[in-house]
């Protein structure tokens, strides 16, 4: 309950600062019997790795994960899975001077107000490196979901003014473009836009979309722990996200009921919906169609142009941030959004197991 | 953890169905010593009451609250406060026929898939009446927040295509217009728009905005339980909400870093921000400026035009919903959004008390 | 988390004071589809009713339970079950004078220190009437457990110096003797002992035993949430309990390993244990044999002889408690212990459903 | 909620198996500003170290702790403190053969039933090495409690038939005797008794006592989360504990009310109790006097005499356990009990901060 844990039955606890000894996560409540190796996790971690190209920071973050517990003979044991990534390439010298002032758009000021002081090196706990634990946990959740026929796909929907064209949707491109856009043409335009931003010592925001296919109907709790409410928390808890939409989201609020309602129909003896404005969730519970969500990400606050701020002594000052910073957070956050959605959905699936007496009888029949 | 409770230290548990015997809430963890009467709570409940005018359902919901525990000699005792509202005017006959089919846009289908069956009368647990408990709890949270100098103000920002003009912002109008808009002119336009909708047997959506003034800096937890993440869950858990924004929200993702960053400045020896694109939260922690959020609400799914759906026997059918339904959910949801924000913020304030050793010493010094 | 809720997935939240308007419980997370009526619950409540005989208080507590939500067409719906018992026979006049002093052995002083003041009428929240909610919830849990073949039996093991003789164990006697002893001879002796206590204006303590038959092996979590740890919390949370034993308990600590170990053996192709010193739990997880626990209950603190204490003004005083009080708490606490054990075990069964990937596949197979 | 986390606001999550790569704990919710070094923690870990003498296993467990996060410039930052201990001296070969059968008194069988298989090396997750994380967390909690004037002292009360004599109580002896008894004479007798046990290829149990001095009145929640209930769970969650007593415990149940009630009296303008049968807790809330609890620990189940059991193939077999095992668990569990009590009490102190509106005003006054 102290804020670094997430999930009820599939519960992850992340820890670590940008420039501390290491970062990691403890995954508690993972069902026993899931085949799992460090490679499964490394695959996800590599998706958040910077340095692949010019639009991400030239910092080399060679994040190698180690499984310290909870896996035996290649399978999860049901006990906590502890995952560790050592910090290796962090150079504290870059950050020395931010100890004394508050970077606009960052959590420096709010940490000081909350805790009285902060680990200022590289943003400390509020660094993007905090997401290493989320992604490592997401790799595990995703693997188990896939065993149940559930697949998550997150990608960049837009960067600044450049948005993908759904008619050009190319799932391969997500892993191959530097922007994680599933549209190679849009990706090139976005890269050009980011070039301009960098030249202007500025940064850009964008939108991440995540779809979940194969989720059975009936998942999510009907009141406070609605599946969309849990997903919103999960996604909004990713640094820099400023808005979350489910299904048609904002657009739904602008349409009429006759436009927004999705008709139920029978198809091959299954209930389907003829449209999916709801984004796969009705009354907080999955309806069996694709779950769709969008995260709106603010521009990187670390920009190289001069900015006004105050220092810890309470004086107005002007600063110019140094160091190595991505001109856009979006591409590296794609796998983070996907991971948080995976963890959230798996947890909801576990919680839902006890929804019906009938399910208890399936597990505990003699 | 079973989904009908919300909050960590200030924890509310709601219960009740639309057409059951009663609805209510248990508020556990309310600090002792808060002056509280049934009138304090009734005031909030009356704000969600329908039947005030033509745009809300002619149902008479005369929701009188009774305090059953946790208050003694006019003050909260620190033990659970149980609040009860009897269902009086519910007519089950209106709902008999929906027992057998799934209304588009409602949770009928998903409840059946989750639980095997459902209390179909008036939507049962997924009815808007479920919010009675939230609002009753919100009244308590709001009263305590006000003692600490924190004030919440929620209102309708838009209905369909009609949006308020901030230059005409009139706080009195929130309680006086049938739309809960703080702009009387916009409200009239919105009413005209809703008239059209009703004539067309259709419904409209809209946007609710909530601002929180007076919140100290330092509230919220830095990782999963970010203040904005918790608020997102709280707001998205309100039925019909499809998107949540914090501060500039979606617009932030479309701006550059140089535009979106808020400069810190000194003013009267206090740190302030010269702008507030962030909506009062940085890194998940309040920064001392106004907290701003928006909820995007879908149009009422109960519309009177004919719709396609399926029945429990798995047959395609066509239906026309009867009964009494608001053409827009937004005005009645305003106080619900305000209440959920109040409960969330108060809980975060309680959790934050233990953030610093210094605070422990203030409470436990000899 | 605020302390009036118990359980993770089967979660109960109790509320109410001895002399308030009512007492009750919200049961959240009860699986859907359990047949349930008010009579099922009343049966349990009647077991904690006083006034059946001379050893319990002559107060008439005619506690009639009302189901306010969560049950439809005779079955649980999966949504919160709200249960209400109105306070009817409470006479506040009896308690007026205790407002100003601290009764020895009671929570008067500690409530004042914690909350600044207290509802002093009849002990307020720390009254034995608080257990009404526990017992009502226990009735539901017990009914569901019975459907799974699990049966709980609690009874009085001893009162003062009088202990039951296991060779005379008569399960019928539990409900028929005023002491709830399963040994009619011991019960008579205990009644005689209590007569003496009452004549001496004194009170007695005793021991409650609870056995759980039919629990499958594998229930309970291996580290903090061990089944015996959860049971200990549950039982120790019942007012007046001062010690909890599992299996041989205290006696185990006095034996050697060779005496205390239970050998595993095969019987009818099932693994059994040839003895059960462990009380059915190994490493915090049920082993398939009978679960056995004991609660040691202190003597009623309300005695009629003169006692020394202090008042709220900080003066030494001497008091003589008036009113109507049982000379022993044990018999009325038997059903409370059984109820708490039932709630705890059911919750552990629900949590355990997600222990294995194999179980997920049973529920979510296509 | 998945069972490897403990505490609400001061929350610890332990992980690791006996023969895995490492063991550790994440401490979330530790207030910022506590001076903390690895030495503070090592001091506690060394108290649970075996190999100090003949009554503990000759295994060399050179457990060196590393702080991976949450401490900056010598003080806790408020963010999660991750502590790691590498497994170095574990020899898996010793345990190969237990893979195939169920040791009596151990969790081998129950793990297999729960999870389908288990990490059998050295007991895996159910090994005593799991307590490393508890003790590391206990060191942090104890240090913070001491800053608030609260001191915990745990020690061995008895081993087999040998009990300490309170008149010879010598606090220094706890750390100096191999039994952790505060009575050197009793310790010698206990050692002689253990010698006999070892010669007979047998093992012994015993009793651990823990006292907490300096705790203010008012700590603990009045219903389910009573301080004694939480302590009971904490202590019973330590492997091998079979009973927990608070204050007079079992003996209280055998006394009369007139003997068991503690009179309140004024002393130096403070409320005190003239006796302390209650063990410092009334109605689940601390009363300001010494908190006293006892844990009854079963004999080590790993004994070298021949035992009957079954194997995974469901055959009756006879086994003789090899390896290195303590003849008694008690002395090494002393610091574990103290640690769990410290974590529990600190958590209760943090939760209690929000009990009164008055406390909020102390923290959030302008």
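Letters A, B, C and D mark the chains as written, and numbering starts fresh at 1 in each.
The working rule: a residue touches a chain if its C-beta (ideal position, glycine included) is under 8 Å from a C-beta of that chain, and two chains touch if they have at least 3 such contacts.
This is a predicted model, so every value here is computed, not measured.
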{"item": "Chain labels contacting subunit A and also subunit C", "value": "B, D"}
{"item": "Pair joined by the larger number of C-beta contacts - C-D, B-C", "value": "C-D"}
{"item": "Furthest chain, CA centroid comparison against subunit A", "value": "C"}
{"item": "Distance between the centres, which are taken as Cα means, of subunit D and subunit B, whole angstrom", "value": "44"}
{"item": "Between subunit B and subunit C, centroid-to-centroid distance (C-alpha), Å", "value": "38"}
{"item": "Distance from the mean Cα position of subunit D to that of subunit C, given in whole angstrom", "value": "26"}
{"item": "Junction residues of subunit A - those touching two or more other chains", "value": "1-5, 8-10, 14, 29, 32-33, 78-79, 114-116, 125, 216, 222-223, 351, 355-356, 358"}
{"item": "Touching residues on subunit B, where the partner in the complex is subunit D", "value": "1, 8-10, 29, 31-34, 76, 78-79, 144, 147-149, 216, 222-223, 349-351, 353-364, 366"}
{"item": "Complex contact set, residues of subunit C against subunit D", "value": "1-6, 8, 14, 102, 104-107, 109-111, 113-116, 125-126, 130, 158, 160-161, 197, 200-207, 216-226, 228-237, 239, 242-250, 252-266, 269, 271, 274, 278-279, 281-288, 296-303, 305, 307-310, 314-316, 351-352, 355-356, 358"}
{"item": "Subunit A residues touching subunit D - in the complex, by the definition given at the top", "value": "1-5, 7-11, 13-17, 20-24, 26, 28-29, 32-33, 66-70, 72-73, 75, 77-82, 84, 114-119, 124-125"}
